[in-house]
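In what follows, chain A forms one complex with chain B and a second complex with chain C.
Let's look at the complex of A and B:
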């Protein structure tokens, strides 16, 4: 601080130059810090996604062009017709009477004849008429992670945003003690996701879990215990429910601030007109919340794409990859395997997805007049 | 909101509203009550109780044994010191540097200011997760002056958990926003009286910037105290770890659930107390981050 004060009155500078110098010096710390720890890493993610950079490596780093993106994102369709007996023209059937198909391996291991399928793996397949169509991907786990993350976002954004609005409207009444409820609803937001995730691991437990107990009590013993996090069908919904529980208070408070900017005069006018509950919501509340809605939606989406801590602590991507997420894969590669370029490639893909979605959301929710 | 018909229906409706509010409150409070109640029970009872609603009732053989056991399992003092030091240092420097920059952007004229500020605002769209991996690479190649002179690489240290998080665009944005709404005469009058820019900042502007300082402090405190991904990547050795990484210690050999609950309670209760004491400021700081959307 002392050095800064000394430099504020250097001789030979006029008033404006002096002001500019002080202005620069005051902004300098954050400029240097943001450059080093945000802007440079951000552009480095782009740069390194074109290389084979590793955190520690004996070999020099090479430029590999788009190979990382190809290795991550290639998806090909392969439709195979059933095998036919060459003389009779009849379908060859296996012992159960189902049509048989050429082996997938013949296509994905033959670089000379089928370079486009080389080294791809089966993501999933479906049958239509008699033929079978394989959806092949270069990186099946990443595709699953991408799909899961989108699924997470698509569910979380409306559910969490809607519930948050509902809670905000419940709290936006003039009742004695209403602040106590606001305090309680918001409480999980200040608790670390690490703590919340561990706590819910215990709540979701299959043998001793409190959730099973509660459900059994509420249904008078009719409910069969579920091992929520070990069951592929329930693991992701369980993560979602917990994530909403933890974060909904955050968005509730933002909605509440929005609700409180709507003049009560408008509601009084609506009452005079004889508007019912839904009309008041539709024509007074909702138009007054436009900007808040856009903001809440974008914030939830950005946070939801960052899905990591829950996965890391509760499921580690399992069971059978049903809770793999993009950021979890990014950390697995970038940190777990010291594969900086692989992790960076995922970072770049994630950035473009988030950017595209927030631009799309802004476009769809723009003022239409 | 009500039209003022205070009949039987009004009170029934009022009771219904409170019932709904209470039901929702239970959903939010139960897991935390369960955590604190369980931390006081011996493991046998804890596991037995969790298969009934007794899980939420503090009864039976209550003691602080789990807390004692917890202290034996993790180097608690070390972790606590690290967490407090990292959180406090980052928050303090963040407030200082962000407010200085905000002051400069709002009140001083210098070339390039507009562009620099636009770039800072534009970085708000970068999700923190997307820079984590390249940041790991950047900090691994930075110099530091340590005990043995010049060293390369910041990994496995305390400062790697502090310095990258001091400046964040959002805090700067909040200060700029607040300063721009202040009357410029405040600054001009003080300058006329011969105050240096630093004096204007420290004696005129900062004393009336309490609300923004509180907002930045709270958001930073929450973010830093609860940080998990970054320390997981950079704090390899035990003496560098913050409290959040301590949870892994309870899942190594035998899982002692009572001790887990004691640890979770211990790292959460300070935040909860802080929150309950300052809940107005907490909620307002979150809300204020929303209105600007």
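Let's look at the complex of A and C:
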């Protein structure tokens, strides 16, 4: 019995220290997991982005400074004046009467004369007062991927959040069988994104997809079939629609939880005051959902920046880069092209972008007292 | 059985296992193979291993199988951990990368061993043989005699393949009949390695290439040169004129479209030949690749065996490989999974590739037209860039811009890797 008592009260530790020790021990498994799978890999990626680390290589790994970031992020402007006839001094015009310009290729593929433009590619261009300005980037695919990802986030965050709120408010009623509807809307969340993406590929199929067939039936055959994922105009919207459908149920449940924390007393009071539907939403519901809204917004933004599975399975970044995403490029480089340092560099850039955006969101949604 | 008896049985078994292993002086050789899930492949390979183990008393080979999709990753992970098996199985175009990274060591087979092997079945890097395959694969234009004759299209031969104009005219004619959704099925649904394997030989036939094969240091002026641009223009026109289904082709259409009569011609491999023969019988033709000006070529090199650099028993590993490349096993694999046996003698022993056999034409294609994808560690990046460029061009990207972008990426990669051992 004496020994048993000794084990329950370790010598040399007072009550507080003992509790702290137990606390750390209990937290240990999670801390170890977080360290090994999140924190250490992040610092490794950070370190590797300054080297030329490869997945498979016969060369030793070397420190290369900021070269990876330079290769990824360099942007240059190049303004070209129209070609002028040397004798008459007049602009040389093509058949349609438009001014003609020197070939961009002569500038970007000539290392000796124009080392500053060497291996840059046209990202986009614009015309002003007869001269044409090219925005050149060293890694156009990454720039497009970055732009696409931002576009995806800007559309997805409000649409998915708003739709989820609408569904939540519709389902936050005491009606018979309402749980069936909650389950139905939540169902896609349970299914793996890989499976959803494969299924939606059939829905979007250009020749005999469900969507085309449905639209053709609804318009009595008037609708001309669209190859949704192969058409540069429709590929990204198609991915967005499918992504919203898949994840909206998850955010709906969070909104629903938020809605149920609002005391019914407030609605009763509002009814007594004679508030209409909109006023109740504006002055009771929305203020009560404040914290939920911040949470939902941040979560959707984070998830949208991680856009990968849909792209990998449905479009592989095509057609003509219209669905490239930052994370897809990260994986493509690291594992497809064995360029671990290049992939790490993208992950570091993405980390700072997401960090900046969440800090901004925190600032904008702070409590203003 | 009482608990005590059970304990004794367990102990005895354990002792047998421990000492039984130690008593024999045989060296264990591990072999990793990419074909997990394929019952036929496994049976044949196990047969070879059992024969080898029984034929001598120095070595025992044990097999470990991986699904093809994760095989390469497994090798890379094992190499990083220093746990490579003795004998590895490697895809032809990947081999130079693994040899360069010192995952593999050159083979030490007897001189006569590879004498009459198809060139595509032998993997060479830095003038040394690193791997050898029991088989190769070949691609052909699948066609129907009756269809070609009805449209007065000449049936090409190995000696006189279609010219570029002839091929293009044939496509236009076939599309003009209105009987087919598309005249030509290129297999654009098969993303990944199919693009460089099936389409880069067409580019070579048009006098372009993925890399300057003199130096292997740059693609400038080759992949974006005049010849390649001309090929790119024609490639784009195939889709603009709706002669071939685009990159969104349905996978199921690719598998059965030719047999269902949706496509008049199909650019496909020997693995798809038997179902087509079953469907069309005597009417079925396997035609050589068209000649776009610089000869008619098809891709070569499939999965091959090599010895890992970490192997403690390279003699044993080489002995196994030399044992496995006997004609009878080549023939057995060919009969089992339909691939082209790597020697003429083995071909003669098979049902399909013997002279007069239904697929004999593929053996001729493989030996006459086989052309290796660039044997350099940089191929991994080239393959991805080539696929992206062709897919972008098919979807309407500017040809010169798409090819320039591919060249820049390939050249930057070669530079970042110090030339991959070339030009030193």
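We take it that the second predicted complex is superposed on the first by the 324 of 369 C-alpha atoms of A that agree within 3 Å, B and C clash if a C-alpha of one lies under 4 Å from a C-alpha of the other, contacts with A are read in each partner's own complex, and residues count from 1 in each chain.
In this section, a residue touches a chain if its C-beta (ideal position, glycine included) is under 8 Å from a C-beta of that chain, and two chains touch if they have at least 3 such contacts.
Quantities reported herein were computed from a predicted structural model and do not represent experimental measurements.
**Q** Who does A:71 touch here: chain B (first), chain C (second), both, or neither?
**A** second
**Q** In the superposed arrangement, which partner chain does A:155 touch: chain B (first), chain C (second), both, or neither?
**A** After superposing on A, A:155 lies clear of both chain B and chain C.
**Q** Given the touch rule stated above, what does A:169 touch, chain B (first), chain C (second), both, or neither?
**A** In the superposition, A:169 contacts neither chain B nor chain C.
**Q** Per the contact definition in the header, classify A:291: touching chain B only (first), chain C only (second), both, or neither.
**A** first
**Q** Have a look at where A:55 lands relative to chain B and chain C in the superposition and call it first, second, both or neither.
**A** both
**Q** Is A:34 in contact with chain B, with chain C, with both, or with neither (first, second, both, neither)?
**A** After superposition on chain A, A:34 lies in contact with chain B alone.
**Q** Using the superposition on chain A described above, determine whether A:266 touches chain B (first), chain C (second), both, or neither.
**A** So A:266 meets neither chain B nor chain C here.
**Q** If you tally the residues of chain A touched by each partner, is the higher count for chain B or for chain C?
**A** Ranking chain B and chain C by residues of chain A touched puts B first.
**Q** Between chain B and chain C, whom does A:80 touch in the aligned arrangement: first, second, both, or neither?
**A** Neither partner.
**Q** After superposition on the shared chain, which partner residues are touched by A:327: those of chain B (first), chain C (second), both, or neither?
**A** Once the two structures are laid over each other on A, A:327 reaches chain B alone.
**Q** Once the two structures are superposed, pull the chain A residues common to the chain B and chain C interfaces.
**A** Residues common to the chain A contacts of chain C and of chain B are 55, 205, 335, listed in rising order.
**Q** Quick one: which bits of chain C touch chain A in the complex? Just the residue numbers, please.
**A** By the definition above, chain C touches chain A via 73, 76, 79, 97-98, 100-103, 191, 220, 246-248, 250, 253, 377, 380-381, 384, 388, 391-392, 395-397, 400-401, 404-405, 408, 411-413, 416-418, 420-421.
**Q** Give every residue of chain B touching chain A within the complex, in rising order.
**A** Its residues touching chain A are 1, 3, 14, 17-18, 20-21, 24-25, 27-29, 31-32, 34-35, 47, 50-53, 55, 97-98, 100-101, 103-105, 108-111, 113, 116, 119-120, 123, 125-138, 140, 142, 163-167, 169, 172, 196-198, 201, 222, 225-226, 228-229, 232-233, 244, 247, 257, 260-261, 264, 267-268, 271-272, 274-276, 279, 282-283, 286-291, 293.
**Q** Which residues, counting only chain A, touch chain B once they are in their complex?
**A** 1, 4-5, 8-9, 16, 19-24, 26-27, 29-31, 33-34, 36-42, 44-45, 48, 53, 55, 167, 170, 173-175, 178, 181-196, 198-200, 202-203, 205, 208-210, 212-214, 217, 245, 249-250, 253-254, 256-258, 261, 267, 271, 291-292, 294-296, 298-299, 302, 305-306, 308-309, 312-313, 327, 330-331, 334-335, 340, 343-344, 346-348, 350-351, 354-355, 358
**Q** Mind pulling up the chain A residues that touch chain C in the complex?
**A** Residue list for chain A touching chain C: 52, 54-59, 71, 105, 108-109, 119, 121-122, 140-141, 205-207, 227, 229-230, 232, 316-321, 332, 335-339.
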